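Since the structure comes first, as structure tokens, the remarks are kept for the end.
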Amino acid sequence: MGKINCIGILTSGGDAPGMNAAIRAVTRAGIAAGLKVKGIYRGYEGLINNEIQDFTTENVSNIIQRGGTILKTARSKEFLTPEGRKKAYDNMVEQGIDALIIIGGNGSLEGARIFAEEFDVPCIGLPGTIDNDLSGTDSTIGYDTTLNTIVQCVDKIRDTATSHERIFFIEVMGRDAGFLAQNSAIASGAEAAIIPEDSSNADQLEQFISRGIRKSKSSSMVIVSESPKCGAMYYADRVKKEYPEFDVRVSILGHLQRGGSPSAYDRILASRLGVGAITALREGQRNVMIGIKNDEVVYVPFCNAIKSDKPVKKELINVLGILSI
Amino acid sequence: MGKINCIGILTSGGDAPGMNAAIRAVTRAGIAAGLKVKGIYRGYEGLINNEIQDFTTENVSNIIQRGGTILKTARSKEFLTPEGRKKAYDNMVEQGIDALIIIGGNGSLEGARIFAEEFDVPCIGLPGTIDNDLSGTDSTIGYDTTLNTIVQCVDKIRDTATSHERIFFIEVMGRDAGFLAQNSAIASGAEAAIIPEDSSNADQLEQFISRGIRKSKSSSMVIVSESPKCGAMYYADRVKKEYPEFDVRVSILGHLQRGGSPSAYDRILASRLGVGAITALREGQRNVMIGIKNDEVVYVPFCNAIKSDKPVKKELINVLGILSI
Amino acid sequence: MGKINCIGILTSGGDAPGMNAAIRAVTRAGIAAGLKVKGIYRGYEGLINNEIQDFTTENVSNIIQRGGTILKTARSKEFLTPEGRKKAYDNMVEQGIDALIIIGGNGSLEGARIFAEEFDVPCIGLPGTIDNDLSGTDSTIGYDTTLNTIVQCVDKIRDTATSHERIFFIEVMGRDAGFLAQNSAIASGAEAAIIPEDSSNADQLEQFISRGIRKSKSSSMVIVSESPKCGAMYYADRVKKEYPEFDVRVSILGHLQRGGSPSAYDRILASRLGVGAITALREGQRNVMIGIKNDEVVYVPFCNAIKSDKPVKKELINVLGILSI
Amino acid sequence: MGKINCIGILTSGGDAPGMNAAIRAVTRAGIAAGLKVKGIYRGYEGLINNEIQDFTTENVSNIIQRGGTILKTARSKEFLTPEGRKKAYDNMVEQGIDALIIIGGNGSLEGARIFAEEFDVPCIGLPGTIDNDLSGTDSTIGYDTTLNTIVQCVDKIRDTATSHERIFFIEVMGRDAGFLAQNSAIASGAEAAIIPEDSSNADQLEQFISRGIRKSKSSSMVIVSESPKCGAMYYADRVKKEYPEFDVRVSILGHLQRGGSPSAYDRILASRLGVGAITALREGQRNVMIGIKNDEVVYVPFCNAIKSDKPVKKELINVLGILSI
């Protein structure tokens, strides 16, 4: 593929706050670099169905502060098939799109990796997911906002927990990644976090609770990563059975964690990554995710970004353990 | 009972934002009127167990903005028995408390009514409940804050609903009173509210949804009052069965609805009612709830306050119906 | 003028949170009633300059939660002249607009009153101003949101005031109306409010401060209504001169008071008033402001609405006095 | 000095959100490590005046979410003198305090450096300032919260700016450091930031504005770092003079920038630094500031921390320039 004159931009997978700030940054930086920009609706689905629109700076005006994604998003089954990807490619060619910018999580970048391989299309990924489970970047777009949303919810629940002297098990998002649970537990002064990465945590539960009892704390909150089997309800039931004298409650924060106006951090992150995506394209980069590592923009090959081996730091587990005495 | 020199104040039942502002107002207005003020912890339970503390203005300093209740709250089973109430009365006498100010909902004021009858104790109630289900007052302490909390949560969910083109059933508090559901539906631009008062609403569900389909709206939100049988999950399941092509989700807002810093309205309401409680006592009132009706402080006999016949206005049901076209 | 088939809607004067919710309600209720709806941009200025656009429900989709006004607003000098109003009328006729809905404050409704008289045009006003200074309605669209915004700002300032043991003079909007200052003072636990309606307040200043000193309070906040001569700066200077030992600071909240997502109350108010405006038109009403009085929709003749004699309740002045002991 | 058994903790200088989270972390980690902990009120002033109190975990219960500092803060003139510092030292000895933890900014750490030199007292500093102007740490406690507060204020002002098509000059804190201005400008989609570090920015002002005019943007916002001579008012006046056709406004955010509940980031930062301070002490460190560099806890000698050479990244200046096209 030769010179890039026109880029297409899409958001894919679960929506995350800051995606609009990223769309804005890519669009404006693209136009500033002399490129044509096209918005693709509903992720890969819209590429297959040709839901594509020319974008000017006006299309991205006054959206930096909005949650969700103006491009809408979807999880496309058809794009998982070679036929679906072929349709997507044909539409790209027909629309004159020379390169794709994909904002999304693990699955979306994996889709980009395969698509780029099959059709030799320059693809640039931006890490857009509240779960923070992409490697090669300190943070993903949406993570900081969701962390703040959780902490604000837990602050409210603490009012009730303290007034009634209850134990709350609060379930948060991040199925396979404990960043949200671990860090929201530290930030909200919870007793414990139960995260998928740390199998010992489940057993620490009793330890935390019983320590709480001995100290006759007036209220306790435990943050639990969502899980099909071992979510907040599971742990609450266990404690209810073993400590029937306790007033145990469950709160599942649910979908409100995805929405809301992005935090300053996420808007700045999205802006830097969006500008970085256009710079990368112009430098001839392709099939990389743009990340921020140690406060510097970096290019991360797709295969490295999605390998899902980003650990929760031991130091943070230690900090929570010490502060919940 | 003769001249009142010392009052006791307690919060009872479910906690509600603004209870602290009410405690502050009663305490300060009481002291300004030359009364001694005692704080009673954990509601009627603390009266029975003698958890009582002298209060000065410093005890209520810097609490007007805090959710929950510094006096803590509980639902006392013992106070439901004559023996429990006798213990409570004996403690009152021993502590030199001449009158009680009770901040709470339906059950708490009913307890006050019985207690006042049995022991000839001057009791003044303040309506403190997020459900707004007390008669004789336009609003209860906590209702406006919770309404705002719900609306802010639904605003966040809308970001996701719109980005993914989903239908959301969102369950809110207010078991037997539809104020929160009806008004949050209007305020958040939801399609419909399903409330206990309006049995026709359940059938309107299909009508709303199918209208939404015809208009090919990109997302829909329905607010449902919590209910043991017919909560958000029930309606979501019905829609999933009848319209399998829809992406239907459920969100149960849960306990976070009770917490948080009170709204300006609730702080002002609590301040006016707290001052009103002291004025009422000095005017020789007893066994009344202080309310605000048409922007004037009023005294409502307990039996009228708790009769639970405050309807959701037909006009509001009409407004939602028109605006969700 | 005969049957009304098409309405024009505009926002005028200072913007207020909830104006978008009102635009949405008028548009949807109008369409539900079978009317054509046209949006007029930049207030009366846009009527004169023919900046008018057909509105469908999509134009008002997803705006209930947004501050500002999508119709933009202006203060039109040309509309103050007979020539300007003639141009506006001619455009109305040309556009086929049979009636006008005006969302705005005092000046905007006065403009509507004159316009309606001169050209026999049915005009309906909605009270849209953060100042709450329109008679005949308990509250104006935007007032509750601004009150909450102020209280949240003062909560933040209190953190600093308490940490540093300072006296803060905080200036808020509401030039000729003390509602914002008086009620935000109660809601934020301030020592005093200095409002235009109560000339005695200025002298109460010293009394409050000196009382604060005797009680050795650690911090004090005084809320001051904006005023060309006697704003926060004026009072701060006076106190600095008389009590040089104090650490006195000034904060002028400024324009941020007008913006932000509207509160639940303002959205519901705007929705009810918007539906009420269409109902009024269909009932043959004209030249009235729609208000809510004692929780009922009422029609207020323009001349009564704008007469500016809505007082700050004595009870509220009394409540603040008692609670700031 | 020998084994450390008892530590004193104080906050000094301007208050910053997250200071309470740091106090909590130091206290709990100290107690967990077997140390006695004493809270010193009003910064160095309280050390001189012996305002010192024993701290248990209860003293720091339920404060992680609160703005300001429960230890209060002050700028001590007496501590600038050798006599003052001698008094402070004598009190330390008398109270049995073996080491000091100081939470504060530039001046506070400089004070600690001198004190530690003069009296051979182990001092550990935590970077607590909204300005982010300490070297050796990626962020200071309070910076992220203030950045979010500013962005939320600018979001509100944008509602008004857009509705009225105005140009706003918004002044933010950070006298000698442009981090708050530069990053809030990126995060709020402002046209430009005028910061002390970049003398070329002032001249870029006209360029930005005139570019905005040519593009007929409907509103513009410029963020200005506070400055005695060249604040927001100065630039607004210049623009008013050169472009009288513009509707130019000024907003000075002022003291509300210091307050409010800390963000998740600041609470986690404060918790990690607080635990790190105790670890450092136990490792025999002294006269270092605890920082976080590239997500790792680091020890920074006082002289390096306060040398004030932390630059605003060129990349961020570039990002803002590109995105404000």
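The first chain written gets the first letter, and so on, giving A, B, C and D; residue counts start at 1 in each chain.
FYI, a residue touches a chain if its C-beta (ideal position, glycine included) is under 8 Å from a C-beta of that chain, and two chains touch if they have at least 3 such contacts.
Not measured: the values here are computed from a predicted model.
Among the other chains, C has the CA centre that is most remote from the centre of chain A. Computed centre separation for the pair chain B/chain C is 28 angstrom, with centres defined by C-alpha atoms.
For the pair chain B and chain D, the distance between mean C-alpha positions equals 39 Å.
Chain A and chain B have CA centres that are 36 Å apart.
For chain B, the set of residues that touch two or more other chains comprises 155, 158, 162.
Under the contact rule defined at the top, the touching pairs of chains are A-B, A-D, B-C, C-D.
Those residues of chain D that touch chain A in the shared complex are 24-25, 28-29, 31-32, 57, 62, 64-65, 138, 144, 147-148, 150-151, 155, 158, 162, 183-184, 186-189, 261, 263-265, 267-268, 271-272, 275, 294-295, 297, 313, 315-316, 318-319, 322-323, 325. By the touch criterion stated above, chain D contacts chain C in their complex at residues 11, 15, 17, 66-69, 72-74, 149, 153, 155-160, 162-165, 168, 218, 249-260.
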